[in-house]
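The data blocks that follow each hold one structure.
Both complexes below contain chain A, partnered by chain B and then by chain C.
And then the complex of A and B:
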């Protein structure tokens, strides 16, 4: 018995997708040709295409200096903390949001969750300034002074900034990231929870035995995507929030801020392109590697 | 079937609608069009057509042989560099612009060498600049033997000036005559602190900048060798030897003084990072004085108008001309221009023709401004900077010749003449005209810039302990490669001295 070959007519689907595909091609793929800028000594008198090649020379400035170790260390460590802590907080928020039953309450909370991510980093940096500035900041005048502690010059001491930046970043992004997890949790079949309740499992048990394992594929996807950006950083967070204060560079300098500061005077687009290419290639390799690793451990969870 | 083909054709139609429609407008005007892109600190006017036409008609009438027309483009300071870079990289016509910083544009080969064009069509510029400035000024924009741009012809001597609140000074019992140097200030600060403890005695003029480095450079006659932003590798006086400014005893003394001021409470505790600028503090009546670099004698008047306080200014250290003091604001022609000769002819008019430059600045007489006498102008009755159709009145310092520009009513013309006299009088470094070619040392300069940003603002605002920090600073500078920069600068300087003495 022959199986009737079901021919799915993809013509109309392709036409619907056509504008989006053309846009992707023009905006995302064709500009990739610009990678050559990173390997050229750009001379506008000759034009970009005719400028001389200079091999890997444009990449040297990222590695030759002592600052290189600091900025790469900062970028990587901050991103690792953001991924781990960010995911934990987003899942916690999602689980809590799932328990909110009243429609009115849940709408209020949803709006409140997204609000921080809509605020520009420049505004956020001034909010932080209102807390941390030495003479009139909230923390120095209303918390430390009544306790009799000396006011701290926050913008001059590097040791506080890992905590400050992590807190600001989580505050800003956890709400937005939790949306994906809220959707995932909503997709879990409620009958599993019923069965667990009948068997006598409490809330905490349910969370650890049902919710978290069901979220695993989503978590894997989100983490894999985040790993692709592990050498990039949010410029606003690391430049604006510390108010561009030099004394705390050891804790706040990342690859993006270093490149910006170093090249503002030189204006060399070859070198700045090299930094971008470096970040992208490393991210690409890491995503492939992480996905391969996940595929070996748990084939269903891998991205591709 | 019918609905499906209807949907299909609608989708196709929509897709086609969004295909780029190429309208090729080939506009060949008879007079050669020269695009002039410059910075405006005023509101950007919506329509510059009327001003363009006014200037073009004037040019046709007075200089029919030139056959050129102007196309003015104004951009705000925040987006100016981006627009320029975009135009240069994409090939959009842009012929005349202000390259800031000059060195970067030269390194990227985006400026046209001007020597031959100036000889043919720019003799007026040379005569004007020599008259207002003294000979030799055009040398400051020469890199590797080529003249890449022309300095804006204006008062360049930004003498170090103590700007202070006159009312607060009166409270202390001291007078203007007591302010002659930075060392005179602490006793005035002490007197002020007793009378008004919550007024800040001294604040940086802008974030993290107490002008200490500029003060040291002018007082000790230091040529920064085209490196005003990081001052890595400088020459004292005419010693001919390039040294690290940050290892010098003058620097250490200056920083110790600032530290002393900081610990005594003369400086605000967040001086190094505070985003509030001195003008805001003055306006609120919370600041006594600051240090700035200004030309002429009228800056007190100008700041008083802007802040609503009674502000005075006392000049304490004279400026010292090195190349970069003069080539900070210059005008050049893009290297990919299609109309180099027309551009140079236009530039010649901008520098030498009174009507052209004043129309560019103030718009059309009668509509945008009223000429009060041969040197002054004011807004038409009932209008101001925001309501006239066109004005660029705050941009007098970025284009053309100051000696031809009209002044607003209230600013004395003598002050302009004074500024030009200062140009001639101000002491010049023996290395005036030397420009440093950075192309071989970009990595080091990038690293040094980062070290500078890390330590210098806090050091010159007295927020860090000098004895330990200067050591750390110099070690970081060495790691960043300052020794290589100094060696290279010395090499280039020696070669320049040989060919120029």
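And then the complex of A and C:
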């Protein structure tokens, strides 16, 4: 019976899967082949396939510019800070949340802490603008003015942006990232705490000697996965939140914003595709590498 | 779970409540600022800046917005339409691809799983995609450009639905339907789609949120402002408030002068975030579920 079905179900099931497959083929796989653009001198008159190969010339041009250094430095350093601070904040929230998990407050806390992760970067940019704009922003008019400090032109001064972007990122993501750690803490065997309590360990002791060590596999996995994406950045955070302000590119340019600007504002397909392909390939290697290490730590948590 | 009986435990719990209250206030205050300032009189903003406790409240921003309702409603209609069509189409093709992959007796299930999974590992990036969508598919300045690129299907969601079928639907159910003479299409559309409702609520919300919040597709593919959804209208308004009035054929010059610019900006942000706040209780429940269930493997 099942033997007979096996041979007849292939066709219908493939037909059911077809629309999704066609979409993946077009949306994902054709652009993967499109990385050849970075190795060509694209001439739309000839078509992409018939354009002349130019080897690594696009990459040579790209890495000779100062932009390449700035965007790679920014992408890596911001991600590094996001990973470290983001993980610490998420775990801290999770531990505290689990402490009050049964009370009514926990619903309110969770609702408040997750809300920022649901809004678009455009709305975030409005909120940041409400705080930072020079003439009427909250910081300049309600904090600096009473202190007698001259108003700061935030959108023109690069030195403040590393702090601003880190605060915005943590504000937006910490609540949401804590969910996974709350789930992990909920999975810890309660008898371990029971035993610790009988032995007289206080709350703080329990956190450092039980909760944190028990969370280690989850932390390692989340961090490794984040490292896999250390060459990507949230385009909205680095483009829209600083309002695309040219004078602070030094602090806000990442690979993603560079690709957009080179492609759409300069129309430079060679440079933008070189930066994009560099990001894709390094990202791919990093994801594979991260997965390799995850598998060594905990095979069940490896992606593949 | 663990009873709080010692005084140390109680102290810690109090500390947790106080600290989390502070964090929650920090998370929420920025929203309060945009809401309050949207109800502040323009004169008060110009004199004292954006404040949590303004001297004079006013509805002038919203009165002004009401006069420009056609531009705002248009953008809302675009956003709602794109979100509705995109989410529905996404749920359908995601489920259609996920179901065959969940069938243990389907010959190509592992091939499909790899095809889906690989898209999570490697991407060609935006440049080839942009060239393909604009030059081969001519999506520029079409509403399809807001729906099709990037968001229509995510490999992550496909694997989530696949796992849902795999671990929740017994194969005996399919076999008994086959014995009753049902073909694959009938089984899928009459039995499997209705059974997928719980997981489809989660991926529908994730996808709907992504469409509602998206402004990047329009940034790349749309140059006509009248085709903007609410997010891109917000971006445009940040630079140029006059855009709101420029749509009016009788746009008298003095209209522009009276715009309560600072308050209107914030009222636009409120309007942009409103649907999310309204749908929030619902969203929160399923999104937290999605994170925990979403431990997806290839």
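Before moving on, here are some points about what is shown:
One rule holds in what follows: the second predicted complex is superposed on the first by the 243 of 304 C-alpha atoms of A that agree within 3 Å, B and C clash if a C-alpha of one lies under 4 Å from a C-alpha of the other, contacts with A are read in each partner's own complex, and residues count from 1 in each chain.
Keep this in mind: a contact is a pair of C-beta atoms (placed from the backbone, for glycine too) under 8 Å apart; a residue touches a chain by one contact, two chains touch by 3 or more.
Because the structure is a prediction, the values reported are computed rather than measured.
In the superposition on chain A, no contact is made by A:233 with either chain B or chain C. In the superposition on chain A, A:75 makes contact with neither chain B nor chain C.
Once the two complexes are laid over each other on the shared chain, residue contacts for A:169 go to neither chain B nor chain C.
Of the two partner chains placed by the overlay, chain B and chain C both lie in contact with A:44.
By the touch criterion defined above, A:280 lies against chain C but remains apart from chain B after alignment on the C-alpha atoms of chain A. Counted by residues of chain A touched, the larger count belongs to C, out of chain B and chain C.
Legend: residue contacts after superposition of the two complexes on their common chain; A:16 is shown touching both chain B and chain C.
In the superposition on chain A, contact is made by A:263 with both chain B and chain C. In the superposed pair of complexes, A:218 makes contact with neither chain B nor chain C. Contacts of A:243 after superposition: both chain B and chain C are touched. In the three-chain superposition model, chain A touches both chain B and chain C at residues 12, 15-16, 18-19, 44, 48, 129, 135, 243, 263-264, 269. Interface residues of chain C facing chain A in the complex, by the touch rule stated above, are 1-2, 6, 8-9, 11-13, 16-17, 19-21, 23-28, 30-31, 33-34, 37, 45-46, 48-52, 92-94, 96-101, 103, 105-108, 112, 115-117, 119-132, 135, 148-150, 152-153, 155, 158, 175, 178-179, 183-185, 188, 209, 212-216, 219-220, 231-232, 234-235, 238, 262, 265-266, 268-269, 272-273, 276-277, 280-281, 283-284, 287-288, 291-292, 295, 297-298. Listed in rising order, the residues of chain A touching chain C in the complex are 1-2, 5-6, 9-10, 12-21, 23-24, 26-35, 37-38, 44, 48, 93, 96-97, 99-100, 102-103, 105, 108-116, 118-123, 125-127, 129-131, 135-138, 140-142, 145, 171, 175-176, 179-180, 183, 190, 193-194, 197, 202-204, 235-236, 240, 243, 259-260, 263-264, 269, 272-273, 276-277, 279-280, 283-284, 287-288, 301-304. Taken together, the chain A residues at the contact with chain B in this complex read 11-12, 15-16, 18-19, 42-46, 48, 60-61, 64-67, 129, 133-135, 153, 155-156, 243-247, 249, 253, 258, 261-269, 271.
Residues 4, 7-8, 11-12, 14-15, 18, 85, 88-89, 101, 103-105, 107-110, 207-208, 229-230, 268-270, 272-275, 335-336, 438, 442-443, 445-447, 449-451, 453-458, 463-464, 476, 479-481 of chain B are the ones touching chain A in the complex.
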